[in-house]
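Listed after this line are the structures, all set down as structure tokens.
After this come two complexes, each holding chain A, first together with chain B and then together with chain C.
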Partner chain A sequence: MNVAKRTFDAVIVGAGGAGLRAALQLSEAGLRTAVLTKVFPTRSHTVAAQGGVAASLGNTTEDNWHWHMYDTVKGSDWLGDQDAIEFMCRKANEVVVELEHYGMPFDRTDNGKIYQRPFGGHSMNYGQAPVMRSCAAADRTGHAMLHALYQRNVRANTQFFVEWMAMDLIRNDDGDVLGVTAMEMETGEVSIFHAKATIFATGGAGRIYYSSTNAFINTGDGVGMAARAGIPLEDMEFWQFHPTGVAGAGVLITEGVRGEGGILRNDAGERFMERYAPNLKDLASRDVVSRSMVTEINEGRGCGPDKDHVLLDITHLSPENIMKRLPGIREISIQFAGIDPIKAPIPVVPTCHYQMGGIPTNYRGQVVVPKDGNPNSPVVGFYAAGECACASVHGANRLGTNSLLDLLVFGKSAGETVVDDFKSGNLMLKPLPETAADVSLARIARLESQKNGESVHEVRLAMQRTMQKHAGVFRFDNLLKEGVQRILEVAERAKSTEIKDKSQVWNTARTEALELDNLIEVAKATMISAEARKESRGAHVRDDAPDTAERPNGRDDQNWLKHTLWYTAGNRLEYKPVNLKPMSADVEPIALAKRTY
Partner chain B sequence: MTVHRGRVRWHCRRALLELDLVFTRFLDDHFDQLTEEQLIDLEELLLTEDHDLWAMVNGSKPCTVPRWQELIRLLQIRT
Partner chain C sequence: MSKRTVQFKIYRYDPDKDQQPYMQDISVELEASDKKLLDALVRLKVVDDTLSFRRSCREGVCGSDAMNINGKNGLACLTDVDSLAQPIALRPLPGLPVIRDLIVDMTQFFKQYHSIKPYLINDEPAPERERLQTPEDREELNGLYECILCACCSTSCPSFWWNPDKFVGPAGLLAAYRFIADTRDQATSARLDNLEDPYRLFRCHTIMNCVDVCPKGLNPTRAIGKIKDLMVRRAI
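Let's turn to the complex of A and B:
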């Protein structure tokens, strides 16, 4: 079948923060750049980021990148690669100031500098005291960032293909990446985007869980495409759960509520965090609070008819204070829990929030895979940045405000690497295989001819419930083992989903079916990687790997200080070493230690 | 001007989960009954930034465009 072909110097998939930042680098260097995106760029999920972007500007309190690096390594529970973390923390000031010059309306101090606020896990002098490191634009940091980057891209003549869904990665026999296939949603037609460089910036896949703070677009498209094309996925067992998502809806209730005096209570009305974290109580770190909540629920002290949530109580705060300081929260609670938090507590559960793992990259944004004895051999023509990538800076647990920093630093870095490779003649337009579009066309044809299949909705729900039950906040050996079987069964069901609407034009049912193919890859990777890792580390907490003197927090550095690599073919697992050596001689490696706050 | 229902349906996919949940309800309960004229209004409403649209839906900001007000009312209905 004849498939239309478009040729570019570079094709970028995804137009959130990472994609736009990478695109800017390429377009300003004069490369012909196409950006494919399912939704209009300023409707990407980066919009939802509120907290800010971390940078050790030291505008309000003393700060430096060494301290930021220490916090990030410790936050990662030592699973983060220290070269990439050094790179990110050193680059932070540069990318934030650049953004300021692009017109980002950061909050200001009285003397006109970028205002910085404190944030969990960020400290001065190696954990001594909280530091003011987060640069924010009110509670719309992600939104403002996306707009600044989009406008700049328009100026730089980046070519956007809006409402195009990338379908599959194109590789040749050598494994080099030659571009992607993509479907134009308006026509349903599949085209080839042939390019010298392909950058994935497709965001996370938080929709694999039943309870998720992520918008519906977060279906892990790049991660799924990479996996199907034979690229391993790194550290997919690590997902950050936010303690307070509205039960049943997932919508995020910010930490600020507990900062203003909100209290978590069980069915007896007990302030249970006093037992788990006597000092910080409800303001302990995200993973500690989430685990405490799940313990309460698992031990039968949950609330509601199914005893499946706990309550976030702010009824002791004055209505004036709630209206003034937490207005958005009141609206969310009324809308999604049917409860006015002035009068009654909000039902909450720990909710999937952020994907720490992803497509393996180095700090230059090159996708790297094991080859000929090198665990980090770059894939020619392939780059990735942002939540879909694993550089790895977040390791086993991400610090708040490091995600917006990640997408700026590594979006730019991937762009710079492409420009360097382009200028040095390392990137060429390689001939497309005859079969370049076959996989994508077969996927479409399968959906058109499928009979007696299940609905996409049913299979997606089965996947989400399986992930929630078997690979949630707290993980149990028997549940994980059973979960592996269950998710493989769901993956089989996903191969024969049926859509009733067979039309070509704006067929959203077909788009959702294609998205499910991507989600399923992420779900399998998560469950299988989690079952295999027999320790607790960061966000991966196993009931059978408790805190002991020999293994603090259940962490087993002797056997498990390594990155997981999952391959979809045969669901095979491999491991590669964590890079404990910083990028430069300017800083000593951050030595292994117990993670305590 | 013709409006394709599928396109408008896709534009109901938003950047914020809050709106995705509101639109899921709306698509199930009201979308198929919208007139051609309402679809045109909805497509225009969907050009609004997510934070502003959410503020109109949750009532913290008034909807000042008269032709959107009925749609906002439908979006506000909780089942």
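Let's turn to the complex of A and C:
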């Protein structure tokens, strides 16, 4: 097959919040940049974010970045790197105000400032009481943000390749990254995008689970591409289950609902979170709330005929307030639960939501891997930001509203680093290996000729069910061990999937088959990393690591205060230290402590 | 709802192998959990993986899966499959070139959106903090900023069918008014100039198809009316 080559200063894969924020930095600096995206930019899943973006603006209640940093480190169960967390929390006001200047239609306070609401795990004065830190545009914050960022990119004349799917990362013998191969969906043609810098901003992979708040397109492509190209994946055992997905549908109900006063109730109508988190109650951190809900359900206090969910109640809020602050939620509830939340509570269950781990980066957005004794050696030409990356600011559990912030801060930072590296002449266009497109062409050729294989649907379903059963909200040693075997079997099956559609034009069966390869990498990384981590921390809670006096919450800092690195080759695991030191010398580290809310 | 079989009539066209588009009769058994039309299409695709359509969020916010459903434009993911008369007739959005099956070429639609300069224009040096805006002024943007660019409206508008290259269409005009209505935007007069033309704005004959189909309940006609008012007011 003939492979066209296109050359740019930089190629960005992904046009969600992170990709668009990075693109802006490059376009405004005049770099020749190509932004590749599977879907039109405003269709990226950032559009679905509801609740808000964190920044200690202090518009309504007193606030400062030190408190935000404390909450984030504690939320991460001390697995987050404190330099990156300091960087993010200090930058928050700047990037959110910038967004306002770009035209983002934030809600307003009476004195005209950006409206802020409380959110889970965000507190005043080091855990004392909820703080109003989440900057919101009704319950459509992600939509407002993604459109504002896209619009700003239109102004900056950013060059988009819409409905182009990146397939594989191109590296040379030194391991430097030289760009990607990509397929134009409309024609089925494969091209090489050759560039001095490659930024991945491909979002999450929530579709490895059966029940997820994620879009169909959230298939972990960047993470899968990186893994296949030999980059290790960091902390993939940590997945966030959001407490409030609509039971049966998976569609998200934002935590902002509880921020506005919503209450979780069991079958007796009891506000059960008072028992689990006496201070923050329904606004405790997400992992805590999800586990409390599953405990209620497992102990027979669930609601409905099958006692398989709990209720999210806002019937005590005024209809005016619901219409004003939560109009999208009301629509979703009517559409997907058949319930008007003004009149009756919404049935909810914990649902897979967010990937804390990803491609390892530092706070400058450079992808880092162990090399010559340095656990964090930058890969030349390779950068990543957003949900596909692991900076790591979310550690073992992300706080709500910290992801949209992560997109802005690290999207911008990755962009700035590329611009700096470009200007200082550190980046060069290196010669492409002859074989640059071979892997991608072979993957396509296999799909053209495969006979007697299983359908993509069957194998994907097997993967999703395995993940759901073996690596869910609570984890069990025997289920994890069995899960590793199961997922490796499914991975074998994925190698011989068969599609009936052989057209070159908009072949969505082929796209889904290619996506499955990426999902499988993510699923393997998750199961294998989870089986190996013999402690409970944040979102990873095991039956054989219970809460004891010696190991509060089952956390084992002595042996497990470290980041996992999983390599696809041989499913090898390595570990690297957590950075417990903030970025600035004059900032006190947040000392290890037991996590309670 | 329990298991049931649903009949479809679907527009099919693969330029790689079909001389002509045709309507395919096909039925599929739905699971109890399949509630939306999109669930049914995903189920159909298990049976026939050659059926092509766009989809992503499955919750009505990304704007991917707009199509013509029993003669009316809408989002598959927000349409209850059991509310539809059978056989359910599915066609690509009208008035745009079909690439394959239910997938249309949206270039012209986005060109019009881009033509109204869909970004905030304010050349004053940015203040250190946010620009202030009263809650009342912010409220003016409600019903405008929520657009998901699905194109249900523009592709149901006869004026857009006849002049897709000249008439901005309801989605683009809604976006134009979104910026005009924003107290932070300073380019109202340039924006009006940009639309002062026999086609760009004035091809709208208030047929209201756009309002009727918008899955987000937005009202482009009202926004268009407001722009027309501003034109008249500045003329006198």
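The rule is short, and it goes like this: the second predicted complex is superposed on the first by the 503 of 597 C-alpha atoms of A that agree within 3 Å, B and C clash if a C-alpha of one lies under 4 Å from a C-alpha of the other, contacts with A are read in each partner's own complex, and residues count from 1 in each chain.
Assume contacts are C-beta pairs under 8 Å (C-beta built on N, C-alpha and C of every residue); 3 or more make two chains touch, one makes a residue touch a chain.
Note that the structure is predicted; figures quoted are calculated from it, not measured.
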{"item": "Contacts of A:K430 with chain B and chain C, given as first, second, both or neither", "value": "neither"}
{"item": "Partner chain(s) touched by A:K281 [first = chain B, second = chain C, both, neither]", "value": "neither"}
{"item": "First (chain B), second (chain C), both or neither touched by A:G248", "value": "second"}
{"item": "Winner by number of chain A residues touched, once chain B and chain C are compared", "value": "C"}
{"item": "Contacts of A:S455 with chain B and chain C, given as first, second, both or neither", "value": "second"}
{"item": "Partner chain in contact with A:W506 - chain B first, chain C second, else both or neither", "value": "both"}
{"item": "Which of chain B and chain C A:Q151 touches, first, second, both or neither", "value": "second"}
{"item": "Residues of chain A that lie at the interface with chain B and also at the interface with chain C", "value": "39, 42-45, 47-48, 140, 143, 186, 215-217, 249, 251-252, 328, 331-332, 335-336, 503, 505-508"}
{"item": "Partner chain A, residues of chain B touching it in the complex", "value": "4-7, 9-10, 13-22, 49-51, 57-60, 78"}
{"item": "Residues of chain A defined as touching chain B within the complex", "value": "38-39, 42-48, 140, 143, 163, 185-186, 212-217, 249-252, 327-328, 331-332, 334-336, 338, 503, 505-508, 511"}
{"item": "Interfacial residue positions of chain A with respect to chain C in the complex", "value": "39-40, 42-45, 47-48, 57, 97, 100-103, 105-114, 137, 140, 143-144, 147-148, 151-152, 154-155, 186, 215-217, 248-249, 251-252, 328, 331-332, 335-336, 455-457, 499-501, 503-509, 512"}
{"item": "For the chain C and chain A complex, residues of the former touching the latter", "value": "14-17, 33, 35, 45-46, 48-50, 52-64, 78, 99-101, 103, 106, 110, 114, 117-120, 122, 126, 128-135, 137-138, 141, 145-146, 148-149, 179, 182, 184-185"}
